[in-house]
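The next part holds the structures, each set out as C-alpha cells.
Two complexes follow with chain A in common, the first pairing it with chain B and the second with chain C.
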Partner chain A sequence: MKELIDSKGLGYRELNGHIRKILGLSSSDSGNRYAGMEILLKNVCGQRYIGCGLKGDHKISIEGVPGNDLAAFMDGPIIEVFENGQDGIGNTMNSGKVIIHGDTGDIVGYSMRGGEIYIEGSAGFRCGIHMKAYKKKTPVIIIGGSAGDYLGEYMAGGIIILLSLRRKGVDKVFGTGTNRAGYHIGSGMHGGTIYIRGKVEEYKLGRDVIIDEPKGSDIDILYEYIGNYCNFFSADASSIKVEDFIKLIPFSHRPYKKLYTY
Partner chain B sequence: MEFGSIRLRQESNRYSQEYFSRYRIPSGCAIFGMMDQSGGRFNGSQVIDGIALMHERSNGLGGGFAGYGIYPQYKDDWAFHIIYDGPEARCLTEEKLSSNFRILFSEEIPTREVKGIENPPMIYRYFLKPADFAYSITSGRHSIKANTYQKILNDNERFKIMEEDFIVSFVMEVNSGHNGSYIISSGKNMGIFKGVGFPEDIGNFFKLETYRGHLWISHGRFPTNTIGWWGGSHPFGLLNWSVVHNGEISSYGTNRRFVSGFGYKCVLSTDTEVITYLFDLIVRKQNIDPGILHLILSPPLWDEIERMSEDEMKLAKILRILYGGALINGPFSIITATNEYMYALNDRCKLRPLVAAKKSDFLFISSEEAPIKLICPHPDIVWHPGGGEPVIGRLNKNSAIDHKEKIVEDILNRM
Partner chain C sequence: MALKLTESEFEIERDPTKCISCRICIKQCANGVHEYNIDKDTIISDSKKCIGCHRCESMCPTGALKISERKAQFKTNANWSANHIRNIYKQADTGGVVLTGMGSDKSYPVYWDHILFNASQVTNPSIDPLREPMEIKTFIGRKDLKIEFEDDGEVGNIKLKTEVFPQLELSTPIIFSAMSYGSISYNACKCLAAAASEFGTYFNTGEGGLHKDLYQYADNAIVQVASGRFGVDVDYLNMGAAIEIKIGQGAKPGIGGHLPGGKVTGDISNTRMIPQGTDAISPAPHHDIYSIEDLAQLIHAIKEATEWQKPVGVKVAAVHNIAPVASGIARAGADFITIDGFRGGTGAAPLVIRDNVGIPIELAIASVDERLRDEGIRQDVSILAAGSIRSSADVIKAIALGADAVCIGTAALIALGCHLCQKCYTGKCNWGIATQDPYLTGRLNPETGTRRLLNLLRAWSLELKEMLGGAGINAIESLRGNREHLRGINLNDRELLILGIKHAGET
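Let's turn to the complex of A and B:
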C-alpha cells in the first residue's frame, strides 16, 4: 500500500505521528500491524527522528532535507532520501537501509549496530564513530565521495567503504592524493574494517590502524557493496576497480588496556 | 507598552534557576546567518524563519539577531542599543551619554507584545556623535600598543581608530559599571536585538520585519555556562562586531588574559564575549586580514604545519607563536559579522555543526541545512566547512572563498 504525507509546516512530532499511524502503530507499541507499506514524504524540511525505532519491511521515501537523527534505532525499513542529509543519520541503527542521494553532515552511523547506509556524495566529520558488530550483525557504510576527518573514530566493528569518487563541481577536496579521506582516520579504532579507494598517506592515519591489502573475502565484500552503490545511484561500476582499494584494520583490539585495569 | 522596573540580572537569574530545577531542556545552540553580498537589503523575516526552523536547538532562554545596513539615515553615526533595569539606570546613563556625545536622536525601541516574552527591560536606542573633546583627551592606552604593529597611519585612519577606541572604552565603562545599564549594540548602521525567549519570539517582539539590512545573523538558546538574561543573550556586540556562538570555550581564561592586556574587560560573565574582543583586537586594531584569522583562532596542528609549503608554514608558525593566547580551544562554531563581511569558523576538530550555501549573491551559514533550503530551495552550492576552515562572505565581492595566496604574501611582507 502506498501513502503520501505532505510534511510542509509539520513539526517532527506530528510528522512521525502520521507515519506511525499509517503503519498502524500506537505511540506505545513498536510491533507491526501492517507489512510492506510504502510512504512518500513530500516537502520535508528539517524534521528530526524520521524512521526512529521503526521495525518491519516498510519503505519511506523522502523529498527534502530530513532533520537530525534520521533512522535512529531503526530496525528493518528502507529509507531513501532524494536530497542531502543532516547530522546523526543511522544513530544506533539496528537493521535496514538508508540511501542518501546527496551529501550528509557529521556523525553518520553513530554507534550503528547493523544495517547499511549508502551515501552518494560526501560524508561529514566522524563518519561511523563507534560502530560495532555482534554475531551476525555487521553494519556497513558506503560513501561515494569524500569523508571528513576522524573517519571510523573509536570504531569497534562493521565496515566502512570510501569510494573517493568525484562529482563535477560539487565536491570539496579534503587533503591531497587520490584518496578522499580526511585526517585522523580510524583514531581509537579497535575493531571492524575500513576500505579506502586510493593510496592513503601514512600521516592521515590515526595511530591505532595499520594498512593491509584486501584479499579473499574482502574482494567479495567490496564487489557486493560497490555493486549496490552503483545500482542505487546509477554509477559506472567499471570505473571503480577493486585493486585500487586499501584496507585498514585496527592495530589492537584493546588499544587502551594499559589505561584500564580491566 | 509599559515596562516594570525590574532588576534585570536578579530577576532573570531566579527565572533560569526555577526553569532548571523543574526540568532540563536538552538542546544545542542554533546559529544562522544570511548575507546579500551585492549589498541589497532585505527584511528580517526570512532570518526569523530560518532560526525558527531550528526550534529544537533552542530552549527559550535566549535568542537574538544582528542586522547590518538597517539604519541608512544615520549610517555615519554611532547607533547604541541600551537595556536598562529601570528609569533610574536610564537617567544615570543618559547623563553620561550627553556629557560625551551629541545625541542626534533617541527613542524607545518599538516592540510588540508577544506570548512567551516576559519581563522585558527598558530598551532604548540612540544615534550619537562623539563630542570633539571626548576622545581627543582619551589617551586610548590600548591603542598605542596595538598601533605599533601597524604601518604608519595617515591622520584620517588615526582619527578613526581614536574614535573607535573611545567608543570601546565608553562601552566598557558603562557595561562594567553595575548601575543596571548595558550597551548591547554600539556600531554604525547596525543593531543587535536580543533577549530571553525563543529567537522567533524575540524577532517578533522587536518587529524585525520592519528593518531592512544586507546582512543578518541570529542565534537561539543562551550563553553556555551562564544564566539566561537579556544582556547575556547572543549576539554579542562591540563597535560593528557581532558574534553568535554555538559551543563553549575551554580556553576562556587564557583568551581573557590575552585581551585584558589590551584593555578589554570581560564583564558579561560568559565565554562568547571574549571572541568579540579577539576579533576587535586582531582584525580592527592589528589589521590582520580575516582571510588568515583561522590560523590564529583555530590553527592547524603542528604536524599539519610541518607539511605546509615553506611560506605557509612560516606564516602559520609566526601566528601560532605570536597569538598563542588567542587560540580558541573547545567545541565551537561561530558566525561573526561586521558591516563589510560575514565570517564563520569551526573549532579544528569540528565538534559543532556548520553548513554553508551560495546562491548567486547570497551567502547562507547555518547549524543545519534545512533552514537554508527553506529560504532558498535550490542553492548553487552547499558545503560542510571542515574544522578550522573559514567561510568568508565579503560585501561586493561575490566569493565565499578568499584569495588565500595573495594574503599570505601580504602578511609575510608585513612581518
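Let's turn to the complex of A and C:
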C-alpha cells in the first residue's frame, strides 16, 4: 500500500506525526502496527528528523530536500531522496538504507552502527566518522563523487567507498590527483575499511592509516556495493574498475595503548 | 637506571606477634604486594607495589597489618612536592601522560566548608520532621510558567488542563552520577540501579550502554548519549526514564576518553555494541555538535526518537563561562542541565587536566542560577549539581544556592567500599568496584551493596529533613535558590558576591 503526504507547510513534528500515524506507530494506537508500508513525501522543504528513530521494513520516498538528521537513530526502513540531502544523515543509525539522488552535507553516518547509505554525488566534511561494526552489523557508506576532509575520522568499523566519479556538467575537474577525497582521511581510525578509487597522495592521509591493496574479499565487497550504486543511480558499472581502488586500514585497533603512564 | 620508579608511597607494618600467616592478605591484594615465604613461614610485603587501598588491612583477621603513608620520601620542599617529583620520574621513564582516578585531591578551597546553613529561633518556629510532614520530593524537567485547571463545578473533580512537560520524580533530591559499565563492575552498576529503583530515584548509565540484565531497572535509568554513542540505539533511548547528552565531565573538561581495548570484553562489548578488544574511543567533542544550534538539533532528534515523552538533559563540566553555556543549553531545549564541578570524580583522567581545569561546583551553581533567573528562563530547565557532594550538608547548600537536585558518584562508591586510593584506571580495584576481574568483582555483593546505598540515601534524606525543619521550612521547593538561608564564613567580598550570599554575622 502506498500512502502520500503533502509536506508543504508542515513542521517536522507534524510531518513525523503523520508518518507514525500511517505506520500505526503513534503511542495512541499501539497494537495496530503495519508492516511493509510505502510512503511518498511530496514537497519536502528542509523538515528535519524525517525517519528519526523509525523502525520496521517500510519505505519512504522523498521529493524535495529533507532537513538535517534524516534517518537519525533509524532502525530498518529504506529512505530514498530524489534531491540533495543536508547534514547529519543517518546519525547513529542502526540498520536500514538511505539513498540520496544528489549531494549531502556534513557528518553523514556519524557513529552509524549498521545499514547502508548511498550518495549519488558528493558528501561534505567528516563523512562516516566514528562508524562502528558490531556482530553481524557492518555499516556501509558509498559516495559517488567527492568527500570533504576527515573522511572516516575515528572510524571504528564498517566500510566507506569513495568512487571519485565526475558527473558530466555537474562536477568541475580540480586538483591533479584522480581521487576526490579531502585531507586527513581516516585520522584517528582504529577499525573498518575505506576504499578510494584513484591514487591517494600520502599527505592527504591521517597518520593512523596505512595503504593496502584490495584483494579477495575486498573485490567482492567492491563489486557488490558498486553494483548497488549503479543500480540505484543508473550509472555505468563498466567505467568503475575495481583495480583502480586503494584500501585504507588502521595501523592499530588500540591507537592509544602507549599514551599513558601509571 | 636507579631513578626508575622510585620510592614507595606507602609503608606496610606487619606485627609479627599478631600475624598468623593465614595468607588472606595475599589473596586480597590484586597488586601482588604480599608474598608467602615457605622456608621462613612468613609473609613478606613489597611496599613499592602498594597503592594504599587498605583492603588487606581491613581484611586481616588479627589486625596485624597497618598501611600508612610514607613520610619524608624526598627532602622537604614547599615548592617541589613529592608528587611533582614522582610524576617527573614517571614521565622521564615512559614519556606518557600521567593518569589518575577519582576527583582532585589538591587543596583548592572547598566552598561548601565556607558556607553555613540557617535555623529558626523564636520569631519563626522550627518544625520537627519526625512528627510533621516534610516534603523532599523533587521533580526534574521543564516547568510551565502557568498551570491551568478545568473545574466543572463538582466538588473534587478538578482536572489539569495544561499539558505538563515530562518530569522525573525523585523521592529525594539525590541521583546517582553517571558511571559506565566498563569503568565500574557489573555488580557496582547493579547496586546503583537496584538502590535507585527501590528508593525512587535515578541512576545514570554513563556512556557505556545499559546491560541487558539491568533492563528491569530501566524505569529508574537516565541513559547517557556521549560522543562515542556506545550502546545507543532507538530502543536504548526509549528504555530510559530520561536521556542525558554528555558533553563534558568535571574531572576532565574538554577532553574525550577511551576505554582501553583490553577492557572491552564479553559483556562490555555487547553492552557498548562494539567488537571485543578495540579501544572504545569517545572523541573530545560530539562531531555533530559545534554550536548551541547543533546541540539543539541533537536534543530535538532525541526528542523526536522518543516522541517527546522523556526529559532530555545535557551534562557539562563547570568551566569559566558556565553561565552563558548553561543559558545556551536551556535555550537549546534541554529539560535539565547537569553541571559537574572540577572536583568531580572519574575512572581515569590525565592528572594535569583533573587538577587544573574547571571551576568549583559551588560557584558554578550560583552563577548559573543567577544568570538563568536574570534571563527569565530558570523555569525552563532543572539544574543537577555534581562534582564532590560529600554529605547531606553539601546537598542542602547546593539546593539553597539554586540547584534542583544533586548527583553523587564518589559518595555512592564510598558507600560500596571505595577507599579513594585513586587507582581506578588500573582495573585492579581490590574492592570489586572499578574492575572487571571476576575474582575481584565477586567481592562486591549486589545485595549488600544495594542495602548500603539505600542506607546512605535514607540517612541523607533524614538529615535533609532535619536541617529543613530546623530552618522552619517544610518543603525543599521553598529552599531552592533561597540564598537568604546561607552565610559565608572566611570569604572575601568577591566570593560572597559570586555566591550571592551574605557573610556570617550580617542579617
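One rule holds in what follows: the second predicted complex is superposed on the first by the 248 of 262 C-alpha atoms of A that agree within 3 Å, B and C clash if a C-alpha of one lies under 4 Å from a C-alpha of the other, contacts with A are read in each partner's own complex, and residues count from 1 in each chain.
Everything below uses one rule, namely that a residue touches a chain if its C-beta (ideal position, glycine included) is under 8 Å from a C-beta of that chain, and two chains touch if they have at least 3 such contacts.
As the structure is a prediction and not an experimental result, all values here were calculated from the model.
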Partner chain(s) touched by A:Y12 [first = chain B, second = chain C, both, neither]: both
Chain B versus chain C as contact partner of A:N68, first or second or both or neither: both
Touched partner set for A:D208, first chain B, second chain C, both or neither: neither
Touched partner set for A:Q86, first chain B, second chain C, both or neither: first
First (chain B), second (chain C), both or neither touched by A:R113: second
Partner chain(s) touched by A:Y256 [first = chain B, second = chain C, both, neither]: second
Touching partner for A:R48 - first (chain B), second (chain C), both, neither: both
Which partner reaches more residues of chain A (counting touched residues only), chain B or chain C: C
Partner chain in contact with A:G105 - chain B first, chain C second, else both or neither: first
Doubly contacted chain A residues - partners chain C and chain B: 12, 48, 68, 87, 126
Parts of chain A lying in touch with chain C, wherever the complex brings them together: 12-13, 16, 20, 26-27, 48-49, 52-53, 55, 68-69, 72-75, 87-88, 91-92, 94, 107, 110-111, 113, 126, 129-130, 132-134, 153-154, 156-157, 188, 190-191, 253-262
Chain A contact footprint on chain C (complex, rising order): 90-91, 93-99, 227-229, 232-235, 237-238, 258, 260-262, 273-275, 277-279, 281, 283, 287-288, 297, 300-302, 304-309, 350, 425-426
Of all residues in chain A, those that touch chain B in their complex: 12, 45-46, 48, 64-65, 67-68, 83-84, 86-87, 103, 105-106, 122, 124-126, 148-150, 169-170, 172, 174, 182-183, 203
Residues on chain B engaged by chain A in the complex (per definition of touch): 53-54, 56, 303-304, 307, 349-350, 353, 355, 368-371, 373-374, 381-384, 386-387
